[in-house]
Amino acid sequence: MKTQNKRKIINDPVYGFINIPSDIIFDLLEHPFFQRLRRIKQLGLTHFVYPGALHTRFQHAIGSLHLMTKALDVLIAKGNNISHEEYEAVCIAILLHDIGHAPFSHALEHSIVKDISHEEISLAIMQKLNSNFSGKLDLALEIFQNNYHRKFLHQLVSGQLDMDRLDYLRRDSFFSGVSEGVVGSERIIKMLNVIDDELVVEAKGIYSVEKFLIARRLMYWQVYLHKTVLSAESMLIKTLKRAKELAKNNVELFATPSLHFFLYNEINNSNFYDSPEPGQKSILDLFTSLDDDDIMVSIKEWSEHSDKVLSLLSKSILNRKLFRIEIQEERFRKNKIDKIKASASELYKINLKKIDYLVFSDSISNYAYTLEDSQINILNKDGSLIELSEASDILNIKILSKKAKKHFLIYPKDIV
Amino acid sequence: MKTQNKRKIINDPVYGFINIPSDIIFDLLEHPFFQRLRRIKQLGLTHFVYPGALHTRFQHAIGSLHLMTKALDVLIAKGNNISHEEYEAVCIAILLHDIGHAPFSHALEHSIVKDISHEEISLAIMQKLNSNFSGKLDLALEIFQNNYHRKFLHQLVSGQLDMDRLDYLRRDSFFSGVSEGVVGSERIIKMLNVIDDELVVEAKGIYSVEKFLIARRLMYWQVYLHKTVLSAESMLIKTLKRAKELAKNNVELFATPSLHFFLYNEINNSNFYDSPEPGQKSILDLFTSLDDDDIMVSIKEWSEHSDKVLSLLSKSILNRKLFRIEIQEERFRKNKIDKIKASASELYKINLKKIDYLVFSDSISNYAYTLEDSQINILNKDGSLIELSEASDILNIKILSKKAKKHFLIYPKDIV
Amino acid sequence: MKTQNKRKIINDPVYGFINIPSDIIFDLLEHPFFQRLRRIKQLGLTHFVYPGALHTRFQHAIGSLHLMTKALDVLIAKGNNISHEEYEAVCIAILLHDIGHAPFSHALEHSIVKDISHEEISLAIMQKLNSNFSGKLDLALEIFQNNYHRKFLHQLVSGQLDMDRLDYLRRDSFFSGVSEGVVGSERIIKMLNVIDDELVVEAKGIYSVEKFLIARRLMYWQVYLHKTVLSAESMLIKTLKRAKELAKNNVELFATPSLHFFLYNEINNSNFYDSPEPGQKSILDLFTSLDDDDIMVSIKEWSEHSDKVLSLLSKSILNRKLFRIEIQEERFRKNKIDKIKASASELYKINLKKIDYLVFSDSISNYAYTLEDSQINILNKDGSLIELSEASDILNIKILSKKAKKHFLIYPKDIV
Amino acid sequence: MKTQNKRKIINDPVYGFINIPSDIIFDLLEHPFFQRLRRIKQLGLTHFVYPGALHTRFQHAIGSLHLMTKALDVLIAKGNNISHEEYEAVCIAILLHDIGHAPFSHALEHSIVKDISHEEISLAIMQKLNSNFSGKLDLALEIFQNNYHRKFLHQLVSGQLDMDRLDYLRRDSFFSGVSEGVVGSERIIKMLNVIDDELVVEAKGIYSVEKFLIARRLMYWQVYLHKTVLSAESMLIKTLKRAKELAKNNVELFATPSLHFFLYNEINNSNFYDSPEPGQKSILDLFTSLDDDDIMVSIKEWSEHSDKVLSLLSKSILNRKLFRIEIQEERFRKNKIDKIKASASELYKINLKKIDYLVFSDSISNYAYTLEDSQINILNKDGSLIELSEASDILNIKILSKKAKKHFLIYPKDIV
């Protein structure tokens, strides 16, 4: 099983000591692909609002692994048969579920690396690791892609109550200091069971599940979609788009070599997987050398670039002089936006054509529980199953599953 | 203001250090009426299920006081004018709001001291203290009775978001170890404000309020109405009723002197306030000498009493051999109950007339948010007010406010 | 192993969920002898100073059991061979290690039940349980009495770093709110190992052990020997001694039947184990029906007794009007004590002969680490062992092991 | 005082809500010099061992500010006169006390920016801010430099029990997950007082102070000087030294512009403060644009540099393949080191002259309490003062104040 020297314990401020369950998990942890996650913050620029929210995807992946071992142990104790291979495979799947995330994932997907989801990249990286590890990740890949017949294993990795969510809600609330987001993950896990290879929650866990959904919603509005965070991340998208446009026009820009490639080349779904020229790095290799630091140091340099749009945006992010953001239910009137654009154009002596980088409107939406998505099934004492939306009289699940769409308008604060 | 020697700090596992804000509060804390609360557990027999839930009404009263000072400081910092007298009075009101609770309050109200609510007794005790303190509690009494024109002060003592609830939910979840019941009381308090002398919550606090209501509901089903607790407390009621009946029939029973009086006399709303005979104690004095210990030692002795019903019930409570409890939405069929009664009668050789003490059905109900009660008003940024049930799309407030009624059936475990 | 219906989880505010490891442990938990511990507070009257310190010996015993399972799992994972029988036996031994404690243990040992240590009574109770459980506690008893050849098992129950201490320090600091007493029990346990059947601590755990010793010392002075607690418990001793003296003189006193026996009979080492008359209860049975409540309700009644000494002491305890306490390194001068006695005698019109109950001096001592006691051995990386007092340069172990003796003088506050 | 729009609350995972006490503090927080601290981790590469230890100097500065306001409020409540100006000035002093830290402070001081302490740079930055803020930092500067007659104000910023230490110990233990390092800062602060303008601790705080010193020592050995951290930081120093040497020899190296300047120029105490050429940035400006990201992205690029030494070191840091470290009390024998060097030279085909970058020995030392430094004075109840080393019988303060020196030897793991 586990050789002595790989028996490692990791100190986690959230859960205390975390044990690494097996050798291959240890080896995956040590791999540069996984170590890269140390340099990618889980919540991007959220630390501009919650200074403690500096935790990384590395920590989250290990935390999810920890909850996975707890969940598996509970399921086994309840008499569910889980083989050693399945145990290890689902641990690998959860460990690597987010390995394809770019730095500032959301922002980059809207500016630099287009039309490729982080799930696809996670899959590509897992496949590459699988060939490095001579096929030992086969079952993990099956589970990850939901091709394995025991669906509950996939559901533990990706489902309404997966270990990913249970960890990130707890971890994000811990590090942001928004203590209300705390989720009773321990109790939910104790209530899990498997019926016909599907994950279910025992009836007496229903209050915990309700609270989980409410906590998640609270975290959305209070943290993930906090208006100041939204402003910062929108500004980051605009900054990267501007840089990309300048690059297209062959304007010289400082960029770390990794970032330089993605600025000066058009990468998308169709060429991402192209084989590299001999002696060259593959795009995946280049991608996996990108991290938060590349973005941040480039922005720091851009804050003194001669392009006014780029430098204004970059300096504002660097020094956290974030733009004003207004949020409302309805779309903003064109009239209002145009007026602000005119003022901005005048104030900054910036051409109206380029003013869209500084004054812009968009929308966001969020939903806490999706019906189309996998459901949460509640197991009654008599053995019958019932869907949560029927089991819970208190939660208006229909509304939870309805996208809540909000419009926002962003512009520099010195425009009155 | 505050003399040096009364500047006292209390260590509280929940909040850390608690400061006593003024001399009269300190003097009230020292009064035997208040010290009695040290001997009355907040959650009665709940520690049979959650062994840590031994905290007392004394701790809760001081915790509520602590939150009150925090809330008042927030309101003052927001520019609300609160005089020194009002500050002190509302602190006194919250400190004493539960001072009239009997030991095992709910159980005693159904067995020994009838038709008198603990609120009425709290009022009587506060009035008695007011005369001892030469009228210094006048304003506190006005606020407590909601006769003072600034309604928000009463609402802080007793309302949807009063300091009583904010403390007990947090404290009960802390000591029971049900961490999910934890409420972001700190954040809710930061969001309070006053409009037209009514308490309101600023709009961005709505998610915290939603979570508060869900946490409260969770605590109801997981702790306050936990089936084993329900069984224990129902058995306690039956035990005391049996003791009372035996007393009525002049059967000799051990009882501490305080309890003895209430067993051998019929006390109710109409004679509770009667003036005592000269040289005798008033009923209020006798009442305030009763505490949890009187009940528990008496039950311990009764466990060896010759009355089979009394001893069986008492021994079962003493050694935590609690009766089986079944819970369901519908009323239990008479047929089923009668069968169980017959078995019990045969098993214990107890007359069918008396078997109701051992086999019985009843119902409980609960609601987390009452519309008839004071409402929670949300203050929008534009200054408008909106009721929570309209402001929250997610919570089905109508359902929260609907009494959830459940029926239960209790009988000894050795009846199959 | 473990049947489904005895698979029980206990909610503990300190550690979260605690699993009961086996059926016999579950059955012992359910036994009236063990349930009695629910009615005995771990820290006696300490809640007069730290209102949260209401936790019971029941909680502590279960917490110690929990740490024991953690420690055993660590030792097994390090390759130490521990049989299933040994595992269960040492769990039983720790669970029952304190089962012989009287209510307000220290106070009662100085007043009512003389010359019998709680260890002896624990042993007697364990032996009685062993006969009830048809010898299944044989090995547990061997370990408890340190007659088993694998010494480390006894050391886990009773030694410098036993699970008893690790739990009570953590639990007492948790419930008292003295957060500084918190001990890294999880880390110390991870550092345990066994060499030649003796418990050792791996070298890198030395800082945790140092901190454990310092935390323990802090808890002594800040909690266990807090001067107000000392005053309360000394007053309790005097109260019980006075009651006993009155009983000897055939003065009628209220007492619960269990307490009554011990007040009106002289119980000591020589007659404690006497066989009872036929149809009578044994002294052990009487002893195990005594709990905190017997003492407290009796004191409540005594607060109105005609004996001035008894009522003054009792009323002062009941209402927490504790006597003044002075503490100093040197013995108090007889001169000073006599003066105070004279004032007290005059003030209360109490005969000088009896004034010793109200004005008295005594001493306490404490040591955090005893050399005579079992030692803490540190295991170096090279396999050599070294005693802690040699391994730690920072701690003056000699001083830690020296009894720190302090004298105190107690008298009513209204004597100036 | 405080205008409405600057009334800001910061969420801190350690303390909860933190209030910004005044406008100028708010403006300083917003300044780019202070915002830079968001990009400088408090504990450098410690997160390689404790993944949660990503907290920044920004968070620490705000946490220290928070404790400072608590301490000042306690001192004022005890009757010490502290003017509004003093209050604000000492808050500014603590807020800015670490503003001069370079990224990976210790490592950079040994490689790139020589002979200039971070205290000197902090002072230079504060002076620059003072001129920006038209002299409003005059008093803060006086206090910071210990030129103000009320010494206790300086001692709160820098002394045995300053707010800096109280915050960083608590914060570092919180984020590293080493819960044993937790210090009862709240209690120590409650025990502070001022005698003759010097900070003292009231006698009953002595156990908390002892525990603080022990916790600090534990943090030193368990976190600050953890052997793996030591290895990582030593490797960082070697990497930067190698880069600097290559730069000196005009080898081309990737570096962010800010870092480039410091690599290709010799900066030290004598030219740091030189006035810049017209139109050029001052060295201080260049320094304040350096942060952790500059170092980390450069190392990432260097991991593919043609210089074998540079790339080996850089790649090892990047992917956390840290070198082996041996630690012992005595100096390592030259013989042993030379053998390892020879193996390394052969293995990596690296010239023996350059092998010192990969195989090297050095020493570290640590002391928890320095006598020469300001002392901790304990205030007895009788008003007398006594130094801690005399007041504490348990701690061997002489040993605490003795530098504990350890030698270490570092080399790549593939050398057996």
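In order of appearance the chains are A, B, C and D, and numbering begins at 1 in each one.
What we mean here is this: a residue touches a chain if its C-beta (ideal position, glycine included) is under 8 Å from a C-beta of that chain, and two chains touch if they have at least 3 such contacts.
These numbers were taken from a predicted model, which means no experiment stands behind them.
Undergrad: Count the residue numbers both chain C and chain D use at their shared interface, divide by all numbers used there, and answer same if that is over half, different if under half.
TA: same
Undergrad: Among all chains, whose Cα centre is located farthest from the one for chain B?
TA: D
Undergrad: Report the inter-centroid distance (CA atoms only) between chain B and chain D in whole Å.
TA: Once rounded, the distance between the two centres reads 51 Å.
Undergrad: Would you kindly tell me how far, in whole Å, the mean C-alpha position of chain D lies from that of chain C?
TA: 44
Undergrad: At what distance in angstrom does the C-alpha mean of chain D lie from that of chain A?
TA: 32
Undergrad: Do you know which chain B residues sit against two or more other chains?
TA: In chain B, residues 16, 179 touch at least two other chains, as defined above.
Undergrad: Can you name the residues of chain D that touch chain C in the complex?
TA: 179-180, 182-184, 187, 207-208, 210-211, 214-215, 217-218, 221-222, 393-396, 399-400, 404
Undergrad: Under the definition above, what is the set of chain D residues touching chain A in their complex?
TA: My answer: residues 10-14, 16, 30, 32, 35, 38-39, 47, 49-52, 54-56, 58-59, 62, 174-179, 254, 256-258, 289, 291-294, 296-297, 300-301, 318-321.
Undergrad: So in the complex, the part of chain D that touches chain B is made up of which residues?
TA: Residue list for chain D touching chain B: 9, 16-17, 186, 190.
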